[in-house]
Every structure is written in structure tokens, then in C-alpha cells.
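Labels run A, B and C following the written order; every chain starts at residue 1.
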Amino acid sequence: MHLPSWNVLIQVTIIGILTGGVYALMATGLTLIFGVMRVINIAHGAFLILSAYISYWMFTAYGLDPFLSVMVSVPILFVIGIIFQRYVLSRVKGDPGLGVLLTFAMALTLEGVMGSLWESTGRSIRTAYTSKVYALELSDLTVRLPWVRVGGLVAAAMALAAIFLFLRYTNLGRAIRATIQNRSAAQLMGVNVERVQAMTFGIGLASVAAGGALFSMIWTFNSGSHEEWISKMLSIIVLGGMGSLPGTFLAAIIMGVAESVAAVVMTSYLSPIVFYLILFITLIFRPQGLLGIKVREG
Amino acid sequence: MIEILRRWWKPFALLILLLYPWILRAPYYHVLGFNVMLFATMATSWNIMGGYTGYKSLGHSTFYGLGAYLVAIAANELGWNPLISAPFLALIVALVAVLLGWIMLRTSGSAFVIATIAMLLIFRLTALNLREITKGAPGLSQPLPPWTPEFSRMPFYYYMLAWLIIAIFVSWYIRRSRFGLGLVAIRDDEGKAEMVGVKTTLYKMLAFGISAYFVALGGGVWSYFTSHISPVFAFDIIVGVDMILMTMLGGLGTLWGPVLGAFILVPSADLILFSFESNTIYLAVIGLMMMAVILFLPKGILPTIEGWIQDRRAPRAAHQGALSMAEMHGLTDEPPSPAKEARHD
Amino acid sequence: MTELLQTKGLSRRFGGIQAVRDCDISVQVGSITGLIGPNGSGKTTLFNLITGVYAPDNGEALFDGKRITKLSPSQICHAGLSRTFQITRLFWEMTVLENMIVPIRQVGFRSLLGPNMFREEIDRAMGLLERVGLTHLKDERARKLSFGQQKLLEFASILMAKPTMVLLDEPAGGVNPTMIRFIMNLIQELNQDGVTFLVVEHNMGVVMELCNHVIVLDQGTKLAEGAPEAIQTNRAVLDAYLGN
């Protein structure tokens, strides 16, 4: 462990915030799914990798820029989400433990399939701009802002805003929020909960598809990467409070910064432990996270 | 005929298992046999927590890895023979499990599952980084067994067979004890169990510790078997997943379910790995099997068969058991006979 | 006359709702005390606070002179206080007999290791089952019983712990008059054997006949208490029920 200089600290903090924005987009779907269905979708990481692969192939085979390939990956994942929820996940309703095991099994299956199809080569998208860095001058300090990261933050912010507006102002969005708050009350008021669940899963995967496109430009991945990423996303939503979107956003930024700082303070080999420890500690000592609702005792 | 089967299948099975390495002599079969014994033991162990209390730990390979490393380090630093040290070192791991259980069992349901995963990841990462002790990613070797290569796998097989029998005995004993009744009560309705005086936290911690014991022992034996262990393999989540899959396939919460599941899955997995020569296909197949079991055979093989037998044996009784709507609502309930009522009027 | 159960200033809030507010009640040993009040007055929450399901925000509860406020539900049960639930709660997958055995107090480590059921325990369980007329169902799974039978089983099973006091949450709820009569007789019999009762009930006929003392809750706190006849004519109580 060694303490870095101020310059470095500011640099990594800013990068951490930028990264946190992308994390927020990736994790939002997960917290939304939990909020509506009370199921922890462990396959979220695998779907992230799947989206990243789609973006990667769109780019490699057709030259489609990742920012544009979302137009392909988002609808695909949306449909997959609806199908998966409606025909598979809904069959284990009532037992959250089984739901977790089921989504875990799905993640394994996806890892196996993707690994067989695309081998274990590490992939990442390199466009013309992925290595470009903007040097920001702040008084006597130069902060290096990679274009992709800034673009990623902007895209993530736009996508999150879209989701927020959707939840706020559309009928389906309102139905989703109602189901999160009180499922039986929502049902009594005429909300078709099965439909809401399927839609929510679709939206959840769609948002991870958007996140996946950004992800593919920033990080290297292969079929085995999903384990690392679902752990990070779980830590984020647990810290933020499962089911709370503002909580997830806040937690994502915090985690992004924490990870970034940890990487320069301790070896980057060990820095993922920050996520796991925070996950473990939060689950046990403050299960409602930062902004989540306290679970009622039964 | 059924009666003969019922009375004699255990001694018969034991005889077959004892003779197995002599009937099938190739080392391949010995390795396979060892793996079956190993996983049957560990699945039986996992079932004590996951099946009896309902708290399904997805991170149980933590104890496998701890057992593996403790035994390997003891063999290297202290010269302890693993076959002797493993049962004792597993006790240490069991105590660690009780402690971890005390922390983690404040959560339940899916939160508990996630916490066990986090626990596994933390231990794995720690093992990767404590290079002075664990030698990090490249892994740790230990001395080879002293017996000749032709027999090199047989002792492992018999050793694990013995422990399988012990594990089954412990599982059986718990089931028929008051402790076991308490565990099943916790699975049924934990809040109610607390209310009627069951010390749920204590029971869960004990069950967790016992369930970790045989898994740790298995890990210790495995580390001797393979001679070389590394964090990625010792703390591999798939080992824990296999335990769960075997148990669920055979019958969650039953005595023989995990054993049956292991006997089916270990050879099948081997076959898959052999046919496809691909680790990733193995993952996909495991994942699909798990999904299939959860969706279509959630109770597992043994309870499903038992259900069929009961339905065929007593269809009339099943009908008798069905209550009319009126009866269900207590409208036709007659309290006990007037004789008893008159007693205190 | 000594108080077996006492609460002092018990309070508990859920989100925006103050469910129980500064509640002081006491139950005399050997009595059958009724706990009544309009819906939402906090009766079940009070039960939950007393039995350790929730921790109170303020105040304390005393049982037999000892503080039970911070104890866990199983510790409170061991102290001699048992309860039933408004919505019957049993071990649904277990048999009737197993349901009777679980509540028996475990003393010491060795009893944990012993067999499921000892002869004396089975005999005692069967005795209680006979009293409630369920002996013929002893190997039946609890979920297969009728509603009334389940209620009786719940009541009988908690008696296996030999409690000194029992909290009953709507024992007469949802059953026919003959069954109500039976349950009332059972309560009176047990009371004569020395068990104290605190009974939440909406059925006023039952309360009037069964209870020798009645406590009225309204909006989470004690409104009135006294003999059943006095409560019946109490102005404030009538107002609380009829909503002013």
C-alpha cells in the first residue's frame, strides 16, 4: 500500500466518477428487476457480456460504431428479457432462493455458450477515438480524460434520463413503480403484474445492452468475465438499496471512485476485494443499503 | 420382492462399492470412483444445511478451498500426512464456518445466497494475494503419496468411501434427532420456530458448521489427490454449484438424494467433458441441467418417485383426504364428543 | 394480586404510522384478560412487541417481574410466554404429531442429540391431541387439516411448552359457534389449571363471557380497562368503536 500524490488522486477520482456513470447504467436494470420481481438476476453479468459481444461483432464485421450498435443490441436483449421472464423465470414464482439459483444457472449456460462460440480470447472494441484523450487543464493540474469515458458518461446519463422519464411519465412506467412499491395494491388497482414483470425484465436487459455497448469500448472481456461484473453490479445495487434507482446511481458513483482509488493505493489485483467486502458488509449489517426501503419483518 | 430389495440393498451396494476397484482395474475408473465418493460426501454435507434448513449456500466451495490449503500447507510445513490431518484440519474449517455463519445468518433467502458468494470471492482473492502463505496464482504443490502409481488412486477411493459412509450416518442421525426436527421446522416457518422456543440462530450455526466439515475434508483429500492446487481451482464456484445440483437432482432434504445425484452426475459430467473436450460446453450443460431440474423436477428424483408410489398405492386414501369446501372452512367441524364437553359443564 | 405481564410506555412506529404509543397494560396472574379495540388500534402489534417479533422504539415489557424487552422470541417462549397468531401458523409440511413435539423445551445439549420423540413426550402430546379431538390425524400433514382443526392444533401445540401465560390472537375468528364454545371451555379449563390468558378478540360475546378483566386499546394506547360489564357501557369505548 502506498499513498499517491494529489495529482494522481484527483485524476483517479474523476475517472472514477466517469466510470461510475457507466456502472450506473449497467446496474440500473438489475435493481429495477429486483424491485419489481424480488428476484436477483445473477445472469445480468452474462447478459452484459452478451451485449458486449454483439457490439463487438457488429463493429468487427460491419464496422458499426458501438454508439450506434445499441440499435441492434437493445431490441434483441429486450425481447430475450421478455421471453426469459415470461416462460422461464415466472415458473418459480414465490421462491426467491430458487429464482436466484435459476438465474445463476442461466448465467452458467450463457457463459458456456458464449465461450464455445467465441473462445476465451479477450475482446475489446478499438475505434478511431477509443485511445484519444483530452487533457483538461485545471490551474496547475492536468487531468487526462479519455474521450470514450466522457462519451460513456454522457451516453449513460442520457439513457438513465430516458429511463427516469419513462418511469415517471408513461403508464407502463407508473405501473412498474406501483408494483415496486406495493405489489398487491398495484394488482388491486388493475395493474397486470405478469405483463409488468415481463416488460420490466425486458427493460432491464435492454438497459444492460446499452451499458454493454459502452462497456465493450472501455474494458476487455471474454465469456468468463461475467462473474467479476455481476459481483460488481450486485455490490452496487446492494449498497444503493435494492430496488432504489437513485440509490443505485449514488452507489455506482461511490463504487467507481472507491475502485479507482483502491487501484492506486493497493495492487489492482486486490482492488476487486473492495466490491466484495462492501457487498458482504452491507448485506449483513445494513441490508437496505443507503437509500433502500427497510424490509418488513414477517 | 420389494421387501428383499429394501432390506438388502445397502449391504449389497456396499459390497459392490468395495469390490469396484478390483472389478474395474484401469486407473481411469479409480479416479472416477474417487470423484463420485468425493462429491457424494460433499453433497450430503451441503444438504445438511441447504436441504434440512433451507438455507442454500452457493459459496460452499469456500470450505473446500480452505480445507485444501490447510492440508497442503500442513503437509509442506509440518510434514503431516494429509489422510491423517484432513479430519482434524476440517474441524478448524468447521469452526470458521460457524463463525462466518454467525455473521451471515442474519440474512435469509436470496440475501444469504449472495452473501455466501461474496464470502467465496473474498477468500479466493485473499488466497491469490497472500503469496507468502499460498504461493498465489501459480499454486501450491505438496509431496506425492508414498504408494506405487498402479495403486495410487485406490487408497483415495477407499478413504473417501469410508468418509461417505460416515457422512451419511451423520446426516441420518441428524434427521432423526430433535436437532433435525428443529432444522426442518426452521425450513418450514422460521418465525414460528422461534416463537415456539427453537433457538434458531444456534441451530443454523451448528448446521452450517457441520455442513462445512465434510466439504473441508473433501477439499483436503482432493489437494493430496491432485498434488497441486491453486486459488482458482480450490475456490472454484462450480464445485459448490455441483454439490447443489446433485442434491437437487437426487432430492433436496432427503438422505440419499445427494448420493444418488452424485452417482448420476459425476460420471455424466465426465462423459460430457470427454465427448466434447470442451470446458465451456460443460458449463453450458451444467447450467441447462440446473435450469431443467429447477423448472421440471424441483423436488428431485427420490421425492418424485415416492410421490408416484404413494399415489398408486392409495388412491382411495388420497380421495378420502380431500376435504370439501365446507369442511375446509371449519363449518362442519364437530368439536370432540359431548362426553368430553359434559365433563366440565 | 400480582401482575404476570406488564408493559410500560411501549411505543413503536412503522414508517409514518405510530402503531403503538406509550402503552401501559398489566395482566394479573391467573386471569383471563381480554384485549379489545377497533381495527388498527395496535392489538396485534402489541402482541408482536411483547413476544419479541419487533423491538419497541421505547418502553419495556416485564414478564413475571423480569425484563423481556430485548429478548429474542425463543428466549421469551422459554420464560413461559406463548402465543397464537391471527392467521394460523403451523409447520405445514410436518405431521400433526411433529407439530406437537417441536415446541417442547430443549434443555441441554444432550437432548438435541437424542431421538426425535421420547415416549413420555408422545404420550403427553397424544393426551393434548385427545383433548382437542385430533388423535386420529396424528400422522397427517398439517396443511391437510381443515381450518378449525388447524386452529385447534396451533393452540394445542403451544401448550406443549407448558407456558404460564398464553397470548391468544382471535381464537374465535372464523369458526362456527359450536367450535367457539369448545375453545372457550378449553381456555377456562386451562385457566383453572393455572394458565393466565391475554386474549385479543373481536367477538364481544366471547369477551363478555370469558374474560374477567378487559383492556381497551385505541390508536395504539390504552383507552380504558375494567370488568367486562363496565367496559360495555363506557362512553369513551363506545365512541372509539363508533368513530365519534
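Here is the rule we go by: contacts are C-beta pairs under 8 Å (C-beta built on N, C-alpha and C of every residue); 3 or more make two chains touch, one makes a residue touch a chain.
Just so we're clear, the structure is a prediction, and the values are computed from it rather than from any experiment.
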| item | value |
| --- | --- |
| Reference chain A; chain at largest CA-centroid distance | C |
| Most central chain, judged by mean C-alpha position against the global CA mean | B |
| Distance between chain centroids, defined by C-alpha means - chain A, chain B (Å) | 33 |
| Centre distance in Å when chain B and chain C are each reduced to the mean of their C-alpha atoms | 39 |
| For chain A paired with chain C, centre-to-centre distance based on mean C-alpha positions, whole Å | 48 |
| Set of chain C residues in contact with two or more other chains | 53 |
| Touching two or more other chains - residues of chain B | 191 |
| Per-residue overlap in chain A, given as positions that touch at least 2 other chains | none |
| Contact footprint of chain C on chain B as seen in their complex | 176-182, 184-185, 188-189, 191-201, 321, 323, 327-331, 333-337, 340-341, 344-345 |
| Chain A residues touching chain B - in the complex, by the definition given at the top | 38-40, 88, 91-92, 96-102, 104-116, 120, 223, 227, 231, 234-235, 238, 267, 269-270, 272-273, 276-277, 279-280, 283-284, 287, 298 |
| Contact set on chain B toward chain A in their complex | 54, 56, 58, 103-104, 106-107, 109-111, 113-115, 117-119, 121-122, 125-126, 128-129, 191, 237, 241, 244, 278-288, 290-291, 294-295, 298 |
| Footprint of chain B on chain C - complex, ascending | 51, 53, 72-74, 77-78, 82-83, 85, 89-94, 98, 101-103, 105-106, 111-116, 130-133, 140, 144, 146-149, 151, 157-158, 161, 174-176, 178-179, 181-182, 185, 188-189 |
